[in-house]
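Same chain, two partners: chain A is paired with chain B first, then with chain C.
Let's turn to the complex of A and B:
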């Protein structure tokens, strides 16, 4: 495979007498990573995205009302996993009439039981009531929910903890970005690659399709979808964002393929009798990927924004969903409750900023003209 | 004012479209073509019926006089005997923090004008509405906003006062008489009435309006119901019109109250365009309608504002003043969808009145910034909300399941935390203060999850496959108890539905909350395509108006509720004329329905209004501050 086609760091066919100290030139991606790491802002953004991933994965352990792990009637259970999927909650707790309240019931129904609890006893879906957790007062509601010791980011009008909602909302924010852009890149790259490599009528047809899709307003499509689908979930929304957001990826991929399809290594592959799908995906694509990654990163940022604005308008994931946009929406009802606007607003802003910085860093790290100005 | 029951929307309720509320309000009938009100039948009856000569009628009828009242004068007279609890200055200086405060403010600002010198006749008022109107034609009205407009621009011969007693309005009527057998009503209208284009208003307009409303081809959305109970309407001369009834019903006094449109405008054009708003000619009159009421529409910017202007030819006739001069020179309806923006406009003095949400009432209107220009008043309103269960689904056909739902819901959380303790729990459709409510109101449901689980177990909804979700074997297949609950996209209501979801999850039932845009939801309800839905209803002036919500097979009986006893009682109620006995009948209906739990009854919502401090003469009825007689007509601005 001709990896170094677009790389600039040294020549691959160096003269035979290789001195022992000479190092192998880095591969393209290794070089890109090295360059990326040099950019502090981009690295900080990269780390913060990882931080969000960790928060999302550990959400039930950070804030929740279900034990992370507990021993009950001689068996080990992980009730907190129910936050990821409701059906993962062991039916024993239903049969024993826990009614989703664990602390009191565990002790009452099995004095021998023990449990490891989340850091904060707060729930993203309901108000904590008096006496649920020893020593913790009930959550304030109405306009009384300013941040306090038990509710770090305050509570909304219904008394539901904002911190818990934000922690659990991280999953949605990340998923929306990754899943929708995953779908978008799959479609976009395939379309772009085929159009660019084959050219001719295939290019003509696929480019026109791309243009048609560009005309479809995502928001309106989602609103229409919500009216039709009986049980809309966040996955439907991701699918729509993905299915409409691939156009810029397709266009960039097409341009890259147009550029690369007549390069030597492609001609060589063709001469060897390699089939076109294999040439496209095995040989050309890895070389065309770098410029395409950039719009994908920006796309993740805009997908997060789309989901937030949908939730803000009240058309997001079905309620009760702890999405950041939904929180902002409840803040809109009463501007005095600043904590409903500041915290989720900041979270959306930072997440979007992080993705944009990563995109920019990636662009600089992979594009020699941006990377080495002056050379 | 028309009688009626609206679906509560205050922006988007059950049937968002149906809300009544202008000076009038409507009964049932939804959807294009008014599909639910058997329209063909009365027309057929009409054709066969030949009205006897007037002399013959007068000889046989044994006319009994009915009240013709100037409601504003009547209210002024009543207030003359009462002493307000606070002076206006004191009322304006205080903040509305408790019930006694509210009574003081309401009492002081409720005083109607006794002297013309108090009134600023050159004043404008800016009113707030949440949505644009679909039509300015009074017979096309269906949503709250349309009633608001039609109530001011439209012509009304009948109405009701603050006690919801039916009457004919003295501004337009000379006499109103009912025959001894209650099968006829004779109305003589005043000679000094003109349309805004200068042509006289006559009894022929009334007859023409009746025929138009009952014309199958005209897509009347709401006002046909009630009107369809009439056998015929006949104008004997320019002033005399007789209404013929099919049956002697207690509700006949409401059925003769339908909107009146100008015959000379629509007579010849109707056949070309039955929608009354599509042809070029009709579009012209849609935008600049010929009005019979105190105001005319002078400007209409879609989705922004509708401006009404006082009509000189309404209160002046041949240069002489023949009626009270309407208090405002101009009424501007500003369309602001977002409640927050409306509140900001209110604080800036850009609008003079608005409906406040519970949250706004408690947390956003207590500061000096708000009280600088405004004050607020709350009043009783018989509007109730609940979860409507579709009984043609496997889940809710069993009354035990519906009762389990009622036991599962956390009423305290809703009342204390979501509604700031402002609303009261509902135990059925009639408010305890109403004459039609049962004397001994049924006990309130309380959250009792043990009881809910017992009922579900008894109904066969147990967890058979051990996955923690209740299920039941139906036709050999295990059906999970998982349903979707429709809810309009209003944050407050979504949160209420989310609370039910949480409560039901505790007892092993999955409830998926589906938020829908209001028109889509309305459509789904009418087609009965839902499992459960959240919504509410306003009160009608007569309890009989609720018949289309609860009687078997009726248009707004979305959840297929059916109880032969209730159907029978509604029929009895219509035939009974003694109010006390009628009250007992409707009380019984109330109890039967509460026992059957076709809805989980949640709460009554009172009226919460913000008013500019310059406004006076505001009085509250169970139908709010505007939609009765005198209603909006008693409100004025001081200089």
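Let's turn to the complex of A and C:
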């Protein structure tokens, strides 16, 4: 296949590389990416996941009560980083008795100080009091927290801002998707690969284990896990979702390996004396990866779904934890506070939709039979 | 064929043994026992003193190590005795039988409804493939598919209960259910069914319609379809007789895989609607550490899951002459 004549921008003035051999055709992944890019919906979904990543990374700068950058007593500090990890908050603010209220204390204890503040002065963990920020009233609580100028998505019954919780909850939604599916694909691909390639007894045993895991309800596993660890965190939940969600990946990987294990290139590798672990991971896996990637993407969507439904049922990570599912759960008991249902619900829906659309796009881009819709 | 069946059944029995063993080990190691959980919930001050606790544990067989208890449980199950529920003081089989009806009411209605709607939708999408209206319907279905059931349920409740007061919030019957005539009773239950059935249906509808569409897309580009078109068969006849009949194979196997979903119910939907079905029974019995009920339910779900897979494989062989088991 000859490379298409369209050249990428920027390479116009560079001298054309001397062709050592004939033009080689586009690689599989380059072709898949080209196909993927042509699908508007899939690309839009891809961009919105990147948008979520940006929101998660900038969460303390979007909504928070700690300055992004401040100059205090002659030194530069980044107190907003404390939202990522509490120990990153400089002890000077603790020693100077700031008590997590920055705006007034900064001015009072060092009149020379300056600070760059987040876009919205709201906190995902506590209620904003009157006078904390000039001109901003106390957050309404109870049933009075409908969306307003200061609380874009309203406040919950304790008066904590919903927008701030959702922005900070983005990190959880993203992490859950990537971490738990990372674990799941590691287990799933290994199990499926070994079972499919070796066959026989290994296949028999591994397939039975897959069936057992398929039948154990996630809820029981989560509760059993609570027994083992003293303090459940969101990381434990991710691990459990990962350890239960690999079955479909394993089944697909197994089918793919079964198909490929007798192909010529595998026989050639075997004839050269390559050991089976190397054949599995270096020779077969790259060729089996594309079909396995699709259930992984769909798996990210369902991992987000599982986490939010666990939080919704009250089995998520313990508070304070601004997970979207936890927010939705507080809306279930207060149906008249519609903003507690609509905004987190929409966020979960859009995240799941984005991953599903990416999965669909990947499927079409990597499967030659689906590449050209219609014909 | 018989050989295959016997082998599958034997393997299935081994898998079941493994599953029940793992789950038994897990639930027995969750902190709290049926006795302590139930009592501390009703009244924290009324904790049993250790001597009493030990005596009651003995009568319920909770003092034995779980490995021993598992063997006892297994022996009883093989004799057909699933044990007594701790918290409900009734045999497990009776409790499950009470809950099957409400769950089946929802799942059967929604499965039938979903297929009845999904088949025309899938065929329509195939016929209009690539056109604007098809893109729109497909996107709509895709969005439905991505809308989590609990989000959909809450939005429906928000709109139809909170704002419009059209449908009841929770439960299967109204408070004055006992005083109603038979006809009114049916109407009452039907009224309470609408929202849960809608939630169950939209999820499977979106999935089924996409499934049918995907299979049709594969069939429609086969050579024999082109041949049929070339010899002048009308578009409708091509769609229904030539294409659709050949997509029935995956559809039939799909039915085998829905078997567990038929009885398991959905924990989250039944919790939202306070529906007295299997899902909420499962959820409650985990909270109450009601070991016999949890074990009875997981055994049932596992049997159904494995049977569904076997059924799918057998149906596959039955409808597709190219597939055989020897």
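Note that the second predicted complex is superposed on the first by the 346 of 375 C-alpha atoms of A that agree within 3 Å, B and C clash if a C-alpha of one lies under 4 Å from a C-alpha of the other, contacts with A are read in each partner's own complex, and residues count from 1 in each chain.
Here is the rule we go by: contacts are C-beta pairs under 8 Å (C-beta built on N, C-alpha and C of every residue); 3 or more make two chains touch, one makes a residue touch a chain.
The structure displayed is predicted, hence computed values, not measured ones.
Of the two partner chains, neither chain B nor chain C is touched by A:267. Once the two complexes are laid over each other on the shared chain, residue contacts for A:90 go to chain B alone; chain C is not touched. Of the two partner chains placed by superposition, only chain B is touched by A:231; chain C is not. When the shared chain is aligned, chain B and chain C each come close enough to touch A:336.
Once the two complexes are laid over each other on the shared chain, residue contacts for A:186 go to neither chain B nor chain C. When the two complexes are overlaid on their common chain A, residue A:125 makes contact with chain B while staying clear of chain C.
In the overlay built on the shared chain, the residue A:219 is in contact with chain C alone; chain B does not reach it.
The interface of chain A with chain B overlaps its interface with chain C at residues 223, 226-227, 332, 335-336.
The residues of chain B lying in touch with chain A in their complex are 339-340, 357, 359-360, 362-364, 413, 417-418, 420, 449, 453, 463, 466-469, 484, 487, 489-491, 494-495, 497-499, 501-502, 505-508, 510, 512-517, 520. Of all residues in chain A, those touching chain C in their complex are 41, 208, 211-212, 214-217, 219-221, 223-224, 226-227, 301, 305, 308-309, 312-313, 328, 331-332, 335-336, 338, 341-342, 345, 348-349, 352-353, 356-357, 360, 369-370, 373-375. Residues of chain C touching chain A in their complex: 11, 14-15, 18-19, 22-23, 26-27, 29-31, 129-130, 139, 142-143, 145-148, 150-151, 154-155, 157-158, 161-162, 169, 217-218, 221, 267-268, 271-272, 282-283, 286, 294, 298, 301-302, 305-306. Contacts from chain A toward chain B in the complex involve residues 86-87, 89-91, 93-95, 97, 99-100, 125-127, 141-143, 157-159, 223, 226-227, 230-232, 314-315, 318-320, 329-330, 332-336.
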